[in-house]
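Down below is the structure, laid out as structure tokens.
Order as written gives the chain letters A, B, C and D; numbering starts at 1 within each chain.
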Amino acid sequence: MALIVDALSWALLIAGVVLGITGAIGTIRFPDFYTRVHASSVTDTLCALCIIAGLILQAGFTLVTVKLVFILLFLWYTSPVATHALVRAAHHMGLPPYLSNNASADAQKGKS
Amino acid sequence: MNIDFVGLYNYWVVIFLMMVGFYTVIAYDNLVKKVVGLNIFQTAVFMMYISASKVDGGSVPIYSESIELYSNPLPHVLILTAIVVGVAITALALALIIRIKEAYGTINEDDIIRMDLEEDARRDKL
Amino acid sequence: MMFGFSCLALLVVMGVALVRAFAGPSVYDRILAVNMFGTKTVLFLAVFGFFTGRPDFLDIALVYALINFIGVIAVLRFVESVTHTGTGAD
Amino acid sequence: MIESLINIILFTMLAATSLAVVRLHNLFAITMLFGVYSLLSAVIFVELDAVDVAFTEAAVGAGISTMLILSTLVITGHHEKNPKHGPWLPLVVVILTGAVLAWGTLDMPLFGSLDNPIHQHVAPRYIQDSPEEIGIPNMVTSVLASYRGYDTMGEVVVVFAALIGVLALIGINEKKCAKRQYSSDERPPRPVLQVMSKLLIPYIMLFALYVQFHGDFGPGGGFQAGVIFAAAIILYTLTFSLDDAFDLISPRVLRPLAAIGVLIYGGTGIVTMLLGGTFLNYSVLAGDPKSGQHYGILAIEFGVGLTVATVMMLIFYAFVSRGEKGKVE
């Protein structure tokens, strides 16, 4: 039983970490701000869920679990709101998205 | 000579941070940036104290029956105090900067010194 | 052991987020990177508590999440209030 | 092994961040990276077992400092002129000083060694006797609030003095702006943020109370709780407006409260003297010295929390009102 719980929590931790790294690669590799937001914010929530679920399995029924649940709820609550506010501000201030029919994008393609 | 890299790395980073802060204070003219530099310097000192308080294999200095060895709590208290005082000083410095901006129209140290010198020269003529 | 490796992997993610924060190019890219750095650090702190065997200090992770969120909102608010020239690039 | 690897990676990230802070020229970017720098140093404090310090750095250092620098930038502008003089002279000075200091570290006791001189004196006594003498598990709180109570009192006075300085220098402009009415087809600004902060703020305040009263058993205490409480109001100010925040908690109410916090601290000391003890020796507060210590620490932590919360709110009000409404007439 303990072995199953351990294995499950490890699997969850690995899944969370892999998701985190995927998001990180996305923020580095993607061409403009809006796509980077997509990469980081989409992985953020699931990454947090996986890692914290893995830790909860290790902690069992204690105060620690309650705190972990609070952290998860807080992250789930604030992270999308922050992303929303960020993209909204960027859009309002006129940060142009990177489009394929964009003149500058075509110029870049021509260069490479 | 035999240098223990892991044992001294923290102190080297502390010195690096101190020097970065020091450089920011003496090389840049913008007063807000100087305040940021001071804060970096200050954090370097905190790092120094807290690095010294850590004991290998020790644990957080909160009593628990299963723990034998604790890190040193005394530097923690000193630095906790220093952090709050540091913020108080930062607030005061920034308030002064706002007044300087309103009085001189700039927060560039060179411009402020030049304006002061011109003012002095004008007074001497009178 | 598992916790140790998770910690290291999360550190890598934090490092990558930092690279994006240094590189920019626009202010919003930096805010995004800082936000991502913050959430990953919260997770790092949670895992690190288990790694050291004393996971009772998760309050710090909570405060960290809170301050990180308020910081991002504050930066956005003040960037908005200073009328920016053009695209918000440096 | 993994521990020292984590240590080295974190310190390297800190050094890289500090370098990036210095190299940038947009002051907004600098402030953001400075916030990252503070939060990163909080992580390092956790990693070095200093949870209380990490708590304070995350809340006070990263939260409040960054907020204050940002609101200063609104007034002063955020573009830095290039310095007129070359970087060579300061660079030489800095490298020479750094080299001398680095040479000095070769004689330092190694990181983590138990025979470091600072572990030999005073500290062992705190570690061994404080859980017995004071009766609370968090040694940092025992030392902070009881053994070194004078020191902490001085610190609270410093924070209060900083408030007086800021109010004397820039003051709080309490003049109300004309209330903007929104017509029915126009949405108020930031609807998502407003709804979510309304939901979030009560829990932040509850968490502040938890931190305040749990400081004996875990990391936390008056300083951290005060800042978290102030952070709730700061969030409200950021998502609504300064006038709304003034309606919620007026500076007129906050100013006396800041002084009352200091008075509670000092008053506890006076009470212990009246009961026949020395200044801030809480053992005389109850029949049993341990419960006396408990009552004393609760009282002074409450004073600290009250002062810190109100001072942080007032300083924030002062900076933001200066930026939004201009000088006090």
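Annotations for the structure displayed:
What we mean here is this: a residue touches a chain if its C-beta (ideal position, glycine included) is under 8 Å from a C-beta of that chain, and two chains touch if they have at least 3 such contacts.
Everything numeric in this text was worked out from a predicted model, so none of it was measured.
This structure's chain pair with the greatest number of C-beta contacts is B-D.
Centre-to-centre separation between chain C and chain D, using Cα means, comes to 19 Å. A separation of 29 Å divides the Cα centre of chain A from that of chain D. Chain B and chain D have centres, each the mean of its CA atoms, that are 14 Å apart.
In chain A, the residues that reach two or more other chains under the touch definition are 78, 81, 85.
Listed for chain C are residues 31, 56-57, 59, 62, 66, 73, 79, each touching two or more other chains. Within chain D, contacts with two or more other chains are made by residues 31, 51, 73, 77, 193, 218-219.
Pairs of chains meeting the touch criterion: A-C, A-D, B-C, B-D, C-D.
Only residues 3-4, 6-13, 15-24, 26-30, 32-33, 35-37, 39-40, 43, 46-47, 50-56, 58-64, 69-77, 79-81, 83-92, 94-99, 101-102, 107-108, 110 of chain B touch chain D when the two sit together in their complex. By the touch criterion given at the top, residues 77-78, 81, 84-85 of chain A touch chain D in their complex. Within the complex formed with chain A, the chain C residues making contact are 2-3, 6, 9-10, 12-13, 16-17, 19-20, 26, 28-29, 31-33, 35-36, 39-40, 42-43, 46-47, 50, 55-56, 58-59, 61-62, 65-66, 69, 72-73, 76, 79-80, 84, 86-88. The touching residues of chain D, when paired with chain B in their complex, are 4, 7-8, 11-12, 14-15, 18-19, 21-22, 27, 30-31, 34, 37-38, 41, 44-45, 48-53, 56-57, 60-61, 64-65, 68-69, 72-73, 75-77, 80-81, 83-84, 87, 90-91, 93-95, 97-98, 101-102, 105-106, 108-114, 116, 118-119, 122-123, 126-127, 130-131, 137-140, 143-144, 148, 151-152, 155, 158-159, 161-162, 165-166, 169-170, 217-219, 223, 308, 315, 318-319, 322, 327. Listing the residues of chain C that touch chain B in their complex gives 52-54, 57.
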